[in-house]
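Pasting the structures in now, so scroll down.
Paired with chain B in one complex and with chain C in the other, chain A is shared by the two complexes that follow.
On to the complex of A and B.
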């Protein structure tokens, strides 16, 4: 049998396996209804971010004169400003809609960066073992030793405050846990017959790592990634709150909350709405991730 | 067991080396020139060059790294550009307030998280389990400063039970601790619940019940002791989140500790102070994880390290 045939056989086997696994997946989704709630929130969030120009009522950075009272205080929720205006007369609702873009971009892109680094290192570490494993795991321990937020704060300060640098900082700091989990998963599957079969048939190492092992440990990785998205959205908001990251007038939920703190007493809408938006977004990814973990947990499997 | 501890110490030393390399690279990669920072914007180029030479910034990287390690070993973290004081002095002044705050925040997490974990495990798949789990999940999804400000407004301003930020007695600690407890407890709840459910299925729990042990005895003596192992592991990981989250807590509640020191240093590009706090917190994380690994040996009778 040539390598092609062998891989076709492997591919075929995993495909039929995938189908039954997929059926089982949808069957157990019904047992965990919160996944739907999480999925719905995430879906709405994506819609918000993609169709922001359509959904927003006003330009998010235009300062409207009728957004301020005569004494310079912002006007509250009204027909023209559904969620009120901010301290320079910008529409809070439109800023909220556009702010979803920052949160989602950071959530997805930073997680993708961490995922790429963490999965690759975890696969290599678990598969090769020995000295390579020790070196990679010590590097992982080192990265995990730095308090995430503080280190991200230092890194963004050094790189300069911008969305790109926030993405990079969160992305290159967040892979530690992923590398550890992926390594553990690799250790548990690498002695299985299908991996040995692929090896015996002469499949190259990258092929074994990425085409044979990776698809079989995708479940825990997806769960981890979903939960990482929620964490990264919160970290971005925390950085924005501390004044590094996305700079005003570009709206991000974190810098909107920060700007609203001073006026909380007489203009609570400035802080309440972005806070609730942030809560919903993070909660959505958390519900989705938690639900997926319950569904993919073999102990909860439906037979 | 001794060889296990020695091996673990060796690993920690390697990680410490890694931490020193990372902080050194970061301090070196800073775009703003430290010599220029010290000399001030009006100083002549000759002065800047002289300071650069004095600081050894014109020497090769490995020499600078060697000097850096040498200084670290002598507990010399350099001078703050802004305060013109040794970084160790600045950190020393603020260490205790931060340790107090972090410890109370951690206790709040445990006090909220652990009972909820036991409760949800015993009520698994009942309505109350779902309600508590969702509430815990909402807690973990909140931004620390946001929750902090809302609590401050309602419990410090509208109904003045607690002081409006700053340091002082225990009353100053309650709101920040509560804030962190609410946002962090869910991790413990979730972990304890799943590990308790796992333990509850074990034969020895059934045996204990069959012997006629009361439910509270079964939970306290047989289930909890075994189910707490992963919780202890997470406690070690959590210290990292805690020391990061403390920055947000301190800024929100105007608590003059390491977090505010780092935060101010960042806005003023006071690199030695930033690197000092990052280094110290990383050191603490390594130390705590080492401690956790050693505590394991005593807590879990099943773990025997050769």
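On to the complex of A and C.
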């Protein structure tokens, strides 16, 4: 026991001399176990989406005759349909698995689009200040003043309902908060002497923006992006629920819930399973984002 | 020996409430190749602003006029791309705060190699090797290991050594050191000054040393310029200025530092405060605090008058005893 402790202490000491930022990060992760839960959910979700053809039991758009009772109502959970069948006899479980693809694509791609717009505008706004800052921030205020879901709904209606258009709509409407947060971070980071020092070394303005300032504000950006993923998954579900998102027969959790609403009295599994999946996905990303925020908060820093 | 840097009639104005006020005025000095010039003065006298204006690092709202000649080329007239080619390559800078002057998210090897990649076109791996060599030169132990460390793993003195390594990377002809030792404790100060002197001698590099510490000036500099409220009050060879200070302000500065030798005496602080930029006196800027003040001092600035070989002083007392400086 004591020998073990001693060797652990020696190992710890020699390691701490060469502790990288990554090691520090993993050390502080231990203080926030909920990150593991969030990370695990997100990980499982990604597995579902990537290996959907392997994990699914049936083709998600095949309408099985044995999925419907004689009176045309869907059959409940059984060996053949673990989560039951839907109103046209498709396997809810397989649709759920494939539906994770839509949610993740929207979550990641739409977030990436708004991240790109928001970060760039925030960097420019915060760094240059003055008139440029005023213009960009007023545009941001305008974007933030729109009710997100309604505006996305209108935009998708105009562009036409498809996954691509949902991505575009969510992406180009969702950057407001990011631009603001990034701007605020830039305002504080640009006053550090190392920014001046980089300029004194002959670095150009784009270089200072993207190689000096951006790496220093990556923490809050990552947190914000993680939380934005869960929000965007919800918005996509909302759009699909309202019928303008991903079109049937392609499965998406939103349109599955919508289809289940009509039959909820005699076939509750139609609504419950995609609802729970949505809940878990959002919970997973939120736990991950919150946890990352706690870990990256300098007040909780481990040295 | 030719002049590496020559600053002529430098004036720097800042806008306050839609009016321009001069923070620095009539500043002229030169630095020869391999020479160290000290720029001394109390906080807010315009030392740092002067150094930043040489690098053209002041914000756009500052109006800079006069001429800053680097090897005969006026830096104030250079385009942004040409100026970038000079920064870090021909003229380097070390800042006061070693704790915040290094970027916390990059490994120090990369930060040292950065200017080499930028200016000398070295590849990442070549720059890393060069960075190890530079770390060795500035006296950091185990350079091949620490090259991959992050700034937070270094102490203040070690970080200032890293800063020096960064500044020296491209073997600049001029190093501007803005209070390089102010944030360090005394034993480390001496080491850093030694290191700077050694490297300057090896590379025939000139140094513009900005400080408020007369001890540092005495130790490091060949010549010294004393600034007060945005103007140079006295300038000359260090020995000459320290043994035979001419300007009442310089004398005041010397009297306000404790002496180890001689009888124990009370320190004599300079009474009063530096005038505000918005309300500069018309005559000599030191008049309000000067023990030898005369009527003419309040009305007219005396200009710089000769006090000895290469020694000039901005004081009316000098008018009667003016000598040729050359």
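Here is the rule we go by: the second predicted complex is superposed on the first by the 283 of 303 C-alpha atoms of A that agree within 3 Å, B and C clash if a C-alpha of one lies under 4 Å from a C-alpha of the other, contacts with A are read in each partner's own complex, and residues count from 1 in each chain.
We adopt the following convention: contacts are C-beta pairs under 8 Å (C-beta built on N, C-alpha and C of every residue); 3 or more make two chains touch, one makes a residue touch a chain.
These figures come from a predicted structure and were not determined experimentally.
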{"item": "Larger contact residue set on chain A - chain B or chain C", "value": "B"}
{"item": "Touched partner set for A:196, first chain B, second chain C, both or neither", "value": "second"}
{"item": "Touching partner for A:204 - first (chain B), second (chain C), both, neither", "value": "second"}
{"item": "Contacts of A:212 with chain B and chain C, given as first, second, both or neither", "value": "second"}
{"item": "Partner chain(s) touched by A:149 [first = chain B, second = chain C, both, neither]", "value": "first"}
{"item": "Touching partner for A:271 - first (chain B), second (chain C), both, neither", "value": "first"}
{"item": "Which of chain B and chain C A:71 touches, first, second, both or neither", "value": "neither"}
{"item": "Chain C-touching residues of chain A, taken from the complex the two chains share", "value": "18-21, 192-194, 196-204, 212, 215-216, 218"}
{"item": "Chain A contact footprint on chain C (complex, rising order)", "value": "55, 57, 84-89, 92-93, 95-97, 100-106, 114-115, 118-119, 149-150, 153, 163, 166"}
{"item": "Contacting residues of chain A [partner chain B, same complex]", "value": "34, 138-139, 141-142, 144-151, 153-155, 157-158, 160, 230, 234, 237-238, 241-244, 254, 257-258, 261, 264-265, 271, 275, 278-279, 282-283, 286-287, 290"}
{"item": "In the complex, chain B residues that touch chain A", "value": "11, 14-15, 18-19, 22, 26, 29-31, 134, 137-138, 140-146, 149-150, 153, 157, 190, 237, 240-245, 247-248, 251, 259, 262-263, 266-267, 269, 274-275, 277-278, 281-282, 285-286, 289"}
